[in-house]
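Below is the structure I would like to discuss, written out as structure tokens.
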Amino acid sequence: MVEIRQITQAEAIREALEQAMLEDERVMLIGEGVPDPKGIFGTTSGLQEKFGNSRVFDMPLAENGMTGICIGAAISGMRPVIVHQRIDFALLCMDQLVNNAAKWRYMFAGQVNVPLVVRVIVGRGWGQGPQHAQSLQAMFAHVPGLKVVMPSSGYDAKGMLIAAIRDNNPVIYIEHRWLHGISDDVPCEPYSVPLDKAVIRRSGRHATVVAFSFMVVEALLAAKALADLGIDVEVIDARSVRPLDMETIVESVKRTGALIVADTSWKTGGIAGEIVAGVSETAFGFLRHPPLRVALPDLPAPTSHHLTRDYYPDALCLARAIATHLGSDVTDADLVSRLFRTTPHDVPQREFRGPF
Amino acid sequence: MVEIRQITQAEAIREALEQAMLEDERVMLIGEGVPDPKGIFGTTSGLQEKFGNSRVFDMPLAENGMTGICIGAAISGMRPVIVHQRIDFALLCMDQLVNNAAKWRYMFAGQVNVPLVVRVIVGRGWGQGPQHAQSLQAMFAHVPGLKVVMPSSGYDAKGMLIAAIRDNNPVIYIEHRWLHGISDDVPCEPYSVPLDKAVIRRSGRHATVVAFSFMVVEALLAAKALADLGIDVEVIDARSVRPLDMETIVESVKRTGALIVADTSWKTGGIAGEIVAGVSETAFGFLRHPPLRVALPDLPAPTSHHLTRDYYPDALCLARAIATHLGSDVTDADLVSRLFRTTPHDVPQREFRGPF
Amino acid sequence: MKNDIEALYRDMLRIRRVEEAIADRYAAQEMRCPVHLSIGQEAVAVGVCAALEKKDGVFSSHRAHAHYLAKGGSLKAMLAEIYGKEEGCCKGVGGSMHMIDLEAGFLGAVPIVGATVPLAVGAAWAARLRGEDKVIAVFFGDGTFEEGAVFESINFAVLHRLPVLFVCENNLYACYTRLSTRQADRSIHGVAASCGCNTMSLDGNDVLAVYDAARSAVSDLRNGSTPYFIECATYRIREHCGPNIDDELGYRPKDEVEEWKAACPVARLQSRLDIQPRDRLADMEHAITQEIEEAFACALAGKTPNQTDLEGYLYG
Amino acid sequence: MKNDIEALYRDMLRIRRVEEAIADRYAAQEMRCPVHLSIGQEAVAVGVCAALEKKDGVFSSHRAHAHYLAKGGSLKAMLAEIYGKEEGCCKGVGGSMHMIDLEAGFLGAVPIVGATVPLAVGAAWAARLRGEDKVIAVFFGDGTFEEGAVFESINFAVLHRLPVLFVCENNLYACYTRLSTRQADRSIHGVAASCGCNTMSLDGNDVLAVYDAARSAVSDLRNGSTPYFIECATYRIREHCGPNIDDELGYRPKDEVEEWKAACPVARLQSRLDIQPRDRLADMEHAITQEIEEAFACALAGKTPNQTDLEGYLYG
């Protein structure tokens, strides 16, 4: 019998790391602050104590060099996991990620694998602002040779991290800061979840909502409220960004005839557009409505909490967009009454404490 | 009367730099090899001799630092133009470009401009391979705060570079190596071409082909061959990547009812998808065919010239794709006879000499 | 010099009190952005900025309050920014980690570590090319020195003999991580010297030492010398990010913390102050408190910014 | 040592003849990729690799032929690669700027400058963590030393005392740009020393000096020493990229070029060789020529690779 209990996603990630390290002694963990008292939002706490400082490392502030060093270790028989507390810091190591990690195996005609996991955190704390709250999945998703995932549930957070570590390719594993504190059912045992499969979180007939990462949480809230009002949407948790599981998405759109994509990043040039394009190409005849993207405005994140209120689309925004898009006559008051937040708009849960 | 003569695009770029430097003494030029005997494919030749070594600089191999230094100069009253001989090297300075250049004005609520031009070169010489032939416009196009352009004609190469230098924002100016050697009509005078307007290069009724950079050349060849065979396509030179001139594109699609996008980069997550998405959203009812992307396979560029033959889609590929897509009964032999290349597939013009 | 000492003292005390006031009010959760306090490190900011003129420029990073205030940045605009208000120095776009006051020559602070070091070099380069007599100082931490872009920047500054004053505040830690876990057994200023900088290494909690060093560096720089790199030993008293003292976490040895607390730059200078009558000290405290109260009141009363303004900030 | 000298000479001569043969045939436009020849710099590659064992690893960059051959990489696979053939060491994906021979411990070369320096440190780290007795050497140029990632890599290697031998081939130029246009007046090995490396600076055209230095460094590294950084003064005789001599461009002073031509590492060692009877020298030349002819013939006769193979290379 599988033992299951409720833990937070931060704990699920920590457990995945611990179990992956137990299972394979080549797995090592490194990042700025990995062994520190805060343990990367609790996701690495206790691991250095458990595995010693020859497998769990802190590192200098040197993202490009350290990423290259991890690639060097990965092609030499280790399986490094490197963590960046903000995806924004990964811009410093785009060279090593895109020029080397993504291409090393290919450049050498398959002779060497690069089993590297890069954990990067997106999303918001309080006032993180322009350089600390980007959501850059689209940049990585464009690069052949990388795999990119964005789990949204505790189950997937654990299973996809284990799968990523077992995988022989570089995997960009994107965590949303606002998911860390959410608790749900996670089996105790190690297990893996495929890195290339979307999952239908809620079935529905009227429209397909494809969501990424924290937007899955918002989409499910929106779907529930809409269902009360007679609009029955299907919610797909995309989970992987590269490869995209277009099959599951297209299948669904063929059934519902409508596509809405909810992303955590800027609209233009984002991954939502890729899904819209893919569906338009392959399920053209099935679309009864034009496709729609719900994403961030094309502006860097502001800091002031007054300014973030309308910057991040939430469940209410999404529900509004869907209802309008489908031409429903649901009133705004209906939506507002169902989706009114009692927590401030800039915290995910009441227990959340700034500043991070 | 405007004096016009035929010059190569490399010369057009050189002239733009020269005239911009004459016009505004704050303009300065820097890059690895800028003053060297090859002068960045001839685009910078003689400029140091003309403007001296306090305005035209070589630089250390230090892309991120040097980009930051240029940003520092830009916010302090200069107008630097920095050149990277390969866009691949710009991966080293994504941090400064995305975190600083794109956001400096915004972060400080509009108090400071960043008049910076980053010239980057995409495309192929002989055997440049995985790390020297990427076409990363999509990564930049996703970033609010940047402008991104990809001129295809000599006229635009000059006019858009002058416009980019006069602009108060960071502009990523993307040149295709295979365009450098093409000669066409370029006015002698300084002039500017808008950074946000696509242009219709050829009118047509049956389909809209939106092309970027060197793919405009291929698209025009394809269009000509198709016209002989009764297929009349409109060719739009997108010219700017951010902002995309969706108005011109959507307008055209509304007339033709079909959209094909030809890009110089990988298909997945590329800018072609953004155009398809934008058109699908806003001109949904007008599309009589599903949209189509013609782009690179999702693989890094191989080096062997045997392997590049089928890697880069050319006019023939494009014509085939269009004809098939529109359900035409044109035979392949018809297309091959019209679009057969007499030059080797890995050189743009007969005069082109490797290795670069 | 007597008056100078008093001014240095006042500037340090003012920064200390501002940051204490931020810490005190932080729990109210109205400053909804990270704050990285400089309490314990004021002497570096004040000593260096006292050696600069208004026309000179300063860059900083995440821990910017002290540098901003020492260079003459507006306190009101800073607090309003931390409160996310329209009156803030970035109109609410930036928060504590983004500071600017062009009027005062505080040219910018952003939180990507190392991000402003090349910008400072570029600003000095521009000054040179434009024939302006300006020195640019940039403050950064020991951790930031590990970033490759800093190494790249130093090379270029030395190569072109630019008027840059690199100020490394070595507080022994980057977040919770000790220097020895991150850097080889090397001397930071020694590395800078090997790259061709003029270097000085000093007690960063002695504001007079910092001031003297900076003054001589700045004067050399104005005369066309190669860049200066000064490494200042100092210590952060509160947590890396946030308002609290986190000594209970135990990432720093107790006696190290105690030693540095005893070396408080404000207290140390006070003992050397000779203010007569002694009431003037109390007057100084009082004036500072009043200024701070007023600035907080303004910040709290400030206007809330609008989403619609944002678009205009993106392109110029 | 007598035999050693002969072996060193033979290895240098072989590399020289291979590259001359590439240059001679390049005009036929069948090698359709850039080539960066090491003619003039053979002593560094040969001296260092002679001090390594097969189990040790080597990384390089755009100018990799000499390093690859000196470490024992297959000549046939290298030429086939340059001709873009299936039998190439990267099956045609890579070309001259991408070299690998895992069997020989040549772990990879790619053209982004600086890209392999951190990889070498990572490989040494992995060796340490896996308890393998391996030294990793990485070759790079004076220009590459300007990249921040190199600075970052050195710090980490010293911090963890990894068995890395950094080999900087200072040939005074990066492409057409002279060192003094790019770097401050500093000593490259001096900077490395300030970062905690053991350093040596030597005449890189004296293969015996290089060999001695590398041998003592490697032996120290096997005994757990901190990393070594050796700076080798040398000179590229042909153009930066391509088969030709480009002295007519005038970017390098004539007498500098002449001086270095006179310091040819192959000729210098030859004058110290004591091969009896002298015919053996001719035999050596002959054997090398034959091997090269054969390898070119194989490369030319090689199979052309297929686009369809590419997909299998991307993910493992």
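Going in written order, the chains are labelled A, B, C and D, and every chain counts its residues from 1.
Throughout what follows, a residue touches a chain if its C-beta (ideal position, glycine included) is under 8 Å from a C-beta of that chain, and two chains touch if they have at least 3 such contacts.
What you see is a predicted model, and the numbers here were worked out from it, not measured in a lab.
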Fill in the blank from the handout: Every chain in contact with both subunit B and subunit C is listed here as A, D
Exercise for the section: Among all other chains, pick the one whose mean CA position is farthest from the mean CA position of subunit A. Expected result: D
Problem - Centre distance in Å when subunit C and subunit D are each reduced to the mean of their C-alpha atoms - result: 46
Completion exercise
Chain centres from averaged Cα atoms put subunit B and subunit D apart, in whole Å, by 36
Practice task
Could you please state the distance in Å, as a whole number, between where the Cα atoms of subunit A are centred and where those of subunit B are centred?
Solution key: 32
Exercise for the section: Identify all positions of subunit C at which a residue touches two or more other chains, and write them in rising order. Expected result: 90, 92-94, 98, 110, 112, 115, 146-152, 155, 159, 182-183, 310, 314
Problem - Multi-partner residues of subunit B (at least 2 other chains) - result: 59-60, 62, 64-65, 88, 92, 95, 99, 106-107, 129-131, 144-145, 299-300
Practice task
If every chain is a node and every touching pair an edge, decide which shape results: line, ring, star, complete or other.
Solution key: complete
Practice task
Show which residues of subunit D lie in contact with subunit B when the two form their complex.
Solution key: 29, 32-35, 84-85, 88, 90, 92-98, 110-115, 143-144, 146-148, 174-177, 181-183, 241-242, 246, 249-251, 304-307, 310-311, 314
Handout entry: Touching residues (chain side subunit A, partner subunit C) in the complex
Key = 32-33, 36-38, 58-65, 88-89, 92, 125-132, 297-300, 302-307, 309-311, 346, 354-356
Exercise for the section: Would you mind writing out the residues of subunit C in touch with subunit D in their complex? Expected result: 146-152, 155, 158-159, 182-187, 190-191, 193-196, 226
Completion exercise
The subunit A residues in contact with subunit B across the complex are 64, 88, 91-92, 94-95, 98-99, 102-103, 106-107, 129-131, 134, 136, 138-139, 141-145, 242, 244, 265-266, 268-274, 276-278, 280-282, 284-285, 287, 289-293, 298-300
Problem - Footprint of subunit D on subunit A - complex, ascending - result: 28, 54-55, 59-60, 62, 64-78, 95-96, 99-100, 104-113, 144-145, 147, 168-169
